[in-house]
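Report on the following structure.
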Amino acid sequence: MTQPAKHTWKSKIHEVIYEADTPAGKIFDVILLILILLSVALVMLESVANMQIKYGTYFYIGEWVITIFFTVEYILRVISIKKPSAYIFSFYGLIDFISTIPLYLSFFIVGTNALLTIRALRLLRVFRILKITRYIGEGNKLTKALKDSRPKILVFLFAVMILSVIAGTLMYIVEGPEHGFKSIPVSVYWCIVTLTTVGFGDIAPVTALGQFIAMVIMVLGYGIIAVPTGIVSAEMAKKDTVEPDQKGLRLNTQVCHNCGARKHQDEAQYCHKCGSSLHYD
Amino acid sequence: MTQPAKHTWKSKIHEVIYEADTPAGKIFDVILLILILLSVALVMLESVANMQIKYGTYFYIGEWVITIFFTVEYILRVISIKKPSAYIFSFYGLIDFISTIPLYLSFFIVGTNALLTIRALRLLRVFRILKITRYIGEGNKLTKALKDSRPKILVFLFAVMILSVIAGTLMYIVEGPEHGFKSIPVSVYWCIVTLTTVGFGDIAPVTALGQFIAMVIMVLGYGIIAVPTGIVSAEMAKKDTVEPDQKGLRLNTQVCHNCGARKHQDEAQYCHKCGSSLHYD
Amino acid sequence: MTQPAKHTWKSKIHEVIYEADTPAGKIFDVILLILILLSVALVMLESVANMQIKYGTYFYIGEWVITIFFTVEYILRVISIKKPSAYIFSFYGLIDFISTIPLYLSFFIVGTNALLTIRALRLLRVFRILKITRYIGEGNKLTKALKDSRPKILVFLFAVMILSVIAGTLMYIVEGPEHGFKSIPVSVYWCIVTLTTVGFGDIAPVTALGQFIAMVIMVLGYGIIAVPTGIVSAEMAKKDTVEPDQKGLRLNTQVCHNCGARKHQDEAQYCHKCGSSLHYD
Amino acid sequence: MTQPAKHTWKSKIHEVIYEADTPAGKIFDVILLILILLSVALVMLESVANMQIKYGTYFYIGEWVITIFFTVEYILRVISIKKPSAYIFSFYGLIDFISTIPLYLSFFIVGTNALLTIRALRLLRVFRILKITRYIGEGNKLTKALKDSRPKILVFLFAVMILSVIAGTLMYIVEGPEHGFKSIPVSVYWCIVTLTTVGFGDIAPVTALGQFIAMVIMVLGYGIIAVPTGIVSAEMAKKDTVEPDQKGLRLNTQVCHNCGARKHQDEAQYCHKCGSSLHYD
């Protein structure tokens, strides 16, 4: 990839932070990823009572180190891009903001600490490193297969919902509150638990009629599971046959300096979204 | 769509109530849908004990308001169609009737209140509003795939049933009433719970032999789940290849004034069922 | 179908009992089916304690009536066929015998009563009545798809078994007898329960490490479920494309008078197995 | 297959131990298989408390007999191959070593006995006997289908993990430690249990909001199960169409005397890996 001749400090930061195909960019991304994983692990461990008692202070320090790093990173991201609003209101921009703010908020509001796990969403960035083009391609294929089968899935979900409400009411009438089916919403909850074959067993039918209805629901659920699978399988098989034509283009990890758009092709010279040059000068 | 020149009040009501492609018809359908959802929510919340205590009176008033609306709607539907019996004994006509009557019945018979959830079935009307042609098309495709694989599914269900009876008896002999397998029907119930991978855990084998048989049943159930999935997948893949030819026709939401038939094509001038003109005059 | 000119009483009985395409044969089959269903229902209800106390005598009488009918039917089947051994040692012949004998045995050995549910296997005859050619065709297709994917399924089952033994041992070491993992066989049982996503919950990991391993097993099981489904789906899709060629031949329900072979084509004049004429004379 | 003219004792042992297509080799493999199965069964039974009390001594003796046999076999495998290191550090070589050593170790370290179940891995050898070429082919196909869909599966697993962390935290906040959701890691564990439709029921939501979130997770899990299935199905269908071209070559069970490489074709004269002659001389 041809790089611009003159490098300002802004363009350098932009390259390191936003791109993953230069050595510096790669190292930055790996460090970022490790810190995100660490921060998520920290929040999880903090919630374990006897961990918190033993290592509470270390957790607190670690939390602050990571938050400060994230704050600096966020500020750099905002100033190194030509059009900051494009980053700030983008999907990743909002996640970055929301995952940085909770610790500051915890000074004012108690309990916001748990919000720190939103940082897990930042893990989505991981795909940028692991041979990004290939994985994003797979992810897109998955997303596309799901999107294309959305009307089918909506019809299916709607049918499941109506079935659950009817069957839940039936179970409420048959079993009644004395066997754990306390109200219709709880019965509908039980119905979903059974239809999806999860079957916690916190509530279970006791009367003969209730067990019979449960059997019908279970066999139905067993049959119904075939429907979304069939939908996605068919959609996926279709996708795979179309694939060869799409395989030609290879995306890289460059990010437009002007509007922050991603997914530029390898030979692209201008941003496919705002039309400004991809070379920083 | 060309509309008739002379509008009687009956034809106007017919248009508003039965069709969803005029603005008035759309608004009516959305209001109807909201009321149906509200009424289902009401019945569900009423069954929650402490909700009923707090807001019981409001629930009761809301229930009556909705029931009166449904009653008026039902009467209008009957009088605005030329051949009322065609509507009254149609699928939706029966559902409309059954979902209106329970509150009136509750004067005479105690406990019919819970029947109000049958109103959930009225939710099926939702498909008429959400870009109907597309969703009904998807729904039809799903239904067709299921209908075409019916003989395969019946054979499969029959095999599952015979297997459950045999395995249930076996478990009853091995585990016996002292471990929760109280009778053969209960054992068969447990068997279905296990085969469908629901696994409530209200009954679980205790003896070594019982656990061994349970393992065999589970692995079988695990393998068997592949069968309906495979059936529907194959059927669906077939459907998708046939699809293009069917895509040509677009259905609208018009309903015949004479016989109440639905699913007319966009250019249709006469009802495809009874042959009378689709124009009201 | 051309029928033999001279009818002896044996040939008449043969026609009624073994074939389902004459009116008399159809009526006989339906009666037989109802009696089989009744007898299975009887055995199941007998096992329900308070049913047995109330209606025990009726159950006993009903049991005997059915057993005598089955005995007479069995004797007629044996004497109306030219080569009795062909029937006696056939699959259905053995099932018929085993499902007739238990009540007689109960005079000598206590507890054989429960064996009466083997009669459920006789239900397989139902396929002969319900438009047999179509359903047997579907059944054969299912069986063939399963048989063709047998090597794949065996490899898969073997892998699952090895995985279960290893993971079960691991859980036994990690959780130990004090958390319900009493021995390696019990741990392997728990492992199968988890891998197949049944999840009874009678045994559940308590330690952090145990829960972590359980998570890995569950996600594995979740992924593994895709394998048999994929196998059968692929096999089934293949079957469906081959189908048209096989559709040409139509089987009927005739049974050879000499050797008892089934599945003769509609125009067949001679048994495809022993070569003797299908006309009784 | 043409065999070498001069047989040294080493080449004879090599033939018996490493190959499965001579009668002696087949018998050796069957004996080995039985001993492996026996040894795994022994370890499993030993862990059952009352079995250990009754038959402990026999288990101990059996264990030693098998271990001595395995030791001898291991030594013979090492000395009968020209390049011992090729065997010792191969997959099977390591398993053979690890599954032989635990009993010796148990003299020095207490508790290593349970490691004996690693012997289950040796069961993988069973595939060499059961018409190996065919089954290895199927196994390879399965492995290949899984390998080809690895990027898709990784993306999928990653998405599941992120979803679990977020939903687990949500449940921890909503339900809290008083309803069993003791910490975020435990909540994430519960989330995986629910998403995979295992549903132990050791932890179950109690509050209305918790049950609502659980319902969403379950329906999601139900939908998500379709994704890996769809992936593998599509991959498998692809594999099956490519199959015919690969079917031409047949592998045998010969093992190179020099480097221990397997999977030689039936007409192969030289090792496909190190190039040395397959004839021992």
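Think of it as A, B, C and D in the order they're written, each chain with its own count starting at 1.
The working rule: a residue touches a chain if its C-beta (ideal position, glycine included) is under 8 Å from a C-beta of that chain, and two chains touch if they have at least 3 such contacts.
As the structure is a prediction and not an experimental result, all values here were calculated from the model.
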What shortest step count links chain A and chain D in the network of chain contacts? 1
Pair with more cross-chain C-beta pairs in contact, given A-C and A-B: A-B
Are the interface residues of chain C and chain D largely the same numbers on each copy, more than half shared, or largely different? different
Greatest separation from chain B - chain, by CA centre: D
Where chain A and chain C are represented by their mean Cα positions, the distance between them in whole Å: 46
At what distance in angstrom does the C-alpha mean of chain B lie from that of chain A? 33
Quick one: which residues in chain C touch 2 or more of the other chains? 185, 188, 197-201, 225, 229, 231, 233, 237
Given which chains touch which, is the overall layout a line, a ring, a star, complete, or other? complete
So in the complex, the part of chain A that touches chain C is made up of which residues? 197-201, 229, 233
Which of the residues in chain C come into contact with chain D in the complex? 151-152, 154-156, 158, 162, 165-166, 169, 172-173, 177, 182-185, 188, 194, 197-201, 204, 208, 211-212, 214-215, 218-219, 221-223, 225-227, 229-231, 233-234, 237-238
For chain B, which residues are in contact with chain A within the complex? 40, 43-45, 47-49, 111, 114, 117-118, 120-121, 123-124, 126-127, 134-135, 138-139, 141-142, 145-146, 153, 157, 160, 185-186, 188-189, 192-193, 195-202, 225, 228-229, 231-233, 235-237, 239-240
